[in-house]
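The structures considered in this document are given below.
Shared chain: chain A. Partners: chain B in the first complex, chain C in the second.
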Partner chain A sequence: MSIASTTQQICFLVLSATTVVGSLGVVLLPNIVYSAFLLGGVFLSVAGLYLLLNASFVAAAQILVYVGAVNVLILFAIMLVNKQETLAVIPGLLVRRLLSGAVCAGLFALLLRVAFTTTWALPGPPPVGEEATIRIGEHLFTDYLLPFELASVLLLMAMIGAIVLARRDVFSTDVITGEPADQGLIEKERTPLLIEKSANEPTLLTKP
Partner chain B sequence: MSTDLASPIPLEAFLSVAAMLFCVGVWGLINSRNAVRVLMSIELMLNAVNINLMAFSNYLDGQLIRGQVFAIFVITVAAAEAAVGLAILLSLYRNRETVDMERFNLLRW
Partner chain C sequence: MLSTGLMGATVAPPGLDLQSSFIDLAQGMGLTAGAARLLWLPLPMVLVLVGAVVGVLVSVWLERKISAAVQQRIGPEYAGALGVLQPLADGLKLVFKEDIIPARADSVLFSLGPVLVVVPVILSWLVVPFGQNLLISNVGVGIFLWIALSSIQPIGLLMSGYSSNNKYSLLGGLRAAAQSISYEIPLALAVLAVVMMSNSLSTVDIVAQQTGAGILSWNIWRQPVGFVIFWICALAECERLPFDLPEAEEELVAGYQTEYSGMKFALFYLGSYINLVLSALLVSVLYLGGWSFPIPVEWITGWLGVSPDAPLVQVITGSIGIVSTILKAYLLVFFAILLRWTTPRVRIDQLLDLGWKFLLPIALVNLLVTAGLKLAFPVAFGG
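Moving on, here comes the complex of A and B:
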């Protein structure tokens, strides 16, 4: 890479600081919309870290998939389920948070110790740099062909599963009473609806 | 690491950032009361794992960059997980009318 080493170090410091502070904001901010936008910032800075690691293709994939798809999906979910509700007070919540914080700090210390005490086999082979995309393509169509195809099947399954889970007009009969019961009957009127319902009367179902 | 072929950033720096991101994700996963935030914490943890994979791929496996291929698969699975997770969340919200994790105790023994 032709970028000067000081520039790389400055970029790394800025990107890692953005990542850590943004992730803390994602977890700690009370407003979840701010959290979602900060999550997009975290994804972007992680993509910058990938660029520092000579991986331009994965950085582009990170931006396309995470910022473009996952973050937008999360924002949609926030807007769909955005209801102001007063959360019930749980006794000992602060103690629980402190305890889990201590556990996470211990985990962090353990990971740091592992990272700094292990003697890595450095320096490894020189990185391929700009040829990384070609190498990834070769991997995906030779020795990782089966996982690649399985990933496509997994995406199809996830797509169908998400549609089945999130659709509204699932008509079925109640097991106990035998009456028609769809999800629209369970929902109340104050639920924000995407589709305006014409009448509140339950539609009669013809049993097969 | 002092040769000019090597990167000016040590491998441990990337591992530390990834460890921090992972621990923040774990804390958020345990302590979030909004279900959407739980999904965001899972995404944070997956990103931490991806940073680790990419760092090892660049520093220790520079010729056969298998870590990058692995990171692509992780991104794929994460996208599928986010879609299904948010669909489950939407259907839960329709039935329970809340996103409070403390009230999703349907399967509690």
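Moving on, here comes the complex of A and C:
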């Protein structure tokens, strides 16, 4: 066995062990912050597996999108709402755990069955290597154009939704002062506020 | 069209190739090809790592001297000639300091945080070219790898901010992550405009595309807006003043570094300076022609009447390449230091406004204009 293939095998074993152990930790650890950081580790080792498959562009995109954006956002959300409180014990916790464990075991069995019954094309098509970036670009703008555009529309909708949720002050203004209601609530929480639901809509009084 | 452009960009003079010479030499001494390659692999890595650390020492010294000059002081004077050994003394002091982990801190995350900040920065040196073949690895995704790796850093910052169990640290960590996420987008868009002109993500191809007519063919003339956007974003990513919000002394003590001491603090310090030098090097690669000399070396050899393929000439051109890359980078480091000691810090809302409401639209327009110019004038903008 040559040095290159031995290195590749060792890397594969280490990366897949990290992925499996890390994802078990994500699910099983009681501390949600540890779970979130471990999730980053799992994403990184999946990127490593992509690298082993000669898909360097996909690996870099995986790091940029999942580690750099998704995982950081998860951490942000956890750290901004992190309350140090002990959760009340839910009744019937053991039954719930057993049930979810059974569902996961069933899914795992199904996946194993699929993995063993599928006839994998070994050794598969030759890797395109550095040409992969060009190939991905061609596919995204020809036969995968519709899914690509649909995904971008979905993201745009999510973005608009997030802006609407974050900026309620656009929809409710204090009638007396004319300031955004949320801001007023924070600054003078004791003064009663009359909130007009939509500022732009003409009310009954102003109608001719 | 894309592939022909790529072929055109990759055709360049072969230059100095130490790797193949080393492997030939090792095979001549009776080693197999695999073993020779294995023997070669650690050499450039160690060399670049040492280079990066020496670069940090130099920039720390420059920082001390230039800040002194700005404030009409003398600066370090007695440690070595002109105080050149002062950064080394700083480093020694940090090595011998006691390593303190606060009692209520999360010790595992507290120790892992600084490591996660430094490792991606050092890994990014993989793609910095000092010559046609003088880089660790000419990976195809090149500059994209740097953008991806630099997005790991916020996780380390959040980790150290959270695990310190200190409100200043947590706020600093959150600010740092928010800042680096906001400025990553205009940064990537500015890089994308350059990539579009060179038809390749590889740093070597990006430099090769700028080597036609010496200083006139550098990207800074074709991408002046992109250059400014990239430089502002790089400063923000390095958390340099005017963008050092995460460690604003008046508000946050020292941000996420508040609880750190000894070698763990040194890792943050090292990481930020390595990142500064790396950003300067990448600005010089993307916009200032990388290793190319203001007057093309091929012209000079033509005037002198020597063959550019002669071994001695190749060594000299290689050295000129390394020196001009480093000179360009340190010119930018000088500007960064001068900016740090002459500008006030922006507020957090001004910072986010600048990133999202100014740089992002400008970067998008820059990308669009570059695409239009590339279609209109394929000769000048890499068709």
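The rule is simple: the second predicted complex is superposed on the first by the 158 of 208 C-alpha atoms of A that agree within 3 Å, B and C clash if a C-alpha of one lies under 4 Å from a C-alpha of the other, contacts with A are read in each partner's own complex, and residues count from 1 in each chain.
Just so we're on the same page, a residue touches a chain if its C-beta (ideal position, glycine included) is under 8 Å from a C-beta of that chain, and two chains touch if they have at least 3 such contacts.
Worth saying up front: this structure is predicted, and the values here are computed from it rather than measured.
Just from the overlay, do chain B and chain C fit on chain A, or is there a clash?
With chain A aligned, chain B clears chain C, so fit.
Given the touch rule stated above, what does A:Glu130 touch, chain B (first), chain C (second), both, or neither?
second
On the A-aligned overlay, A:Arg96 touches which partner chain: chain B = first, chain C = second, or both, or neither?
The first partner, chain B, only.
Taking the superposition as given, does A:Phe57 touch the first partner, chain B, the second, chain C, both, or neither?
Both partners.
With the two structures laid over each other on chain A, which partner does A:Ala105 touch: chain B (first), chain C (second), both, or neither?
first
Output check: A:Met79 vs chain B and chain C. Expected answer is one of first, second, both, neither. What do you get?
The answer is second: A:Met79 touches chain C but not chain B.
Is it chain B or chain C that touches the larger share of residues in chain A?
After superposition, B is the partner touching more of chain A.
Taking the superposition on A as described, I'd like to know which of chain B and chain C A:Gly68 touches: first, second, both or neither.
second
Quick check on the superposed model: minimum Cα to Cα separation from chain B to chain C, whole Å please.
The answer for the closest chain B-chain C C-alpha pair is 14 Å.
Both chain B and chain C touch chain A; at which residues?
Touching chain B and chain C on chain A: residues 57, 61, 69, 76, 80, 132.
Give the list of chain B residues in touch with chain A in this complex.
1, 3, 5-9, 11-17, 19-28, 30-37, 39-41, 43-44, 47, 50-51, 54-55, 57-66, 68-69, 71-73, 75-84, 86-91, 93-95, 97-100, 102-103
Under the touch definition given earlier, write down the residues of chain A that touch chain C in their complex.
Contact set of chain A toward chain C: 2-4, 33, 37, 40, 44, 56-57, 60-61, 63-64, 67-69, 71-72, 75-76, 79-80, 129-130, 132-134, 137.
Any idea which chain A residues touch chain B in the complex?
Interface residues on the chain A side: 5-6, 8-9, 12, 16, 19-20, 23-24, 26-27, 32, 35-36, 39, 42-43, 46, 49-50, 52-55, 57-58, 61-62, 65-66, 69-70, 73-74, 76-78, 80-81, 83, 85, 87-88, 90, 96-97, 100-101, 104-105, 107-108, 111-112, 115-116, 120-128, 132, 135-136, 139-140, 144, 147, 151, 154-155, 157-159, 161-163, 165-166, 168, 183, 186-188, 191.
Spell out the part of chain C that touches chain A in their complex, as residue ranges.
Going by the criterion above, the answer is residues 2-3, 6, 34-35, 37-38, 109, 139-141, 144-145, 147-149, 151-152, 154-155, 158-159, 162, 170, 173-174, 177-178, 181, 184, 201.
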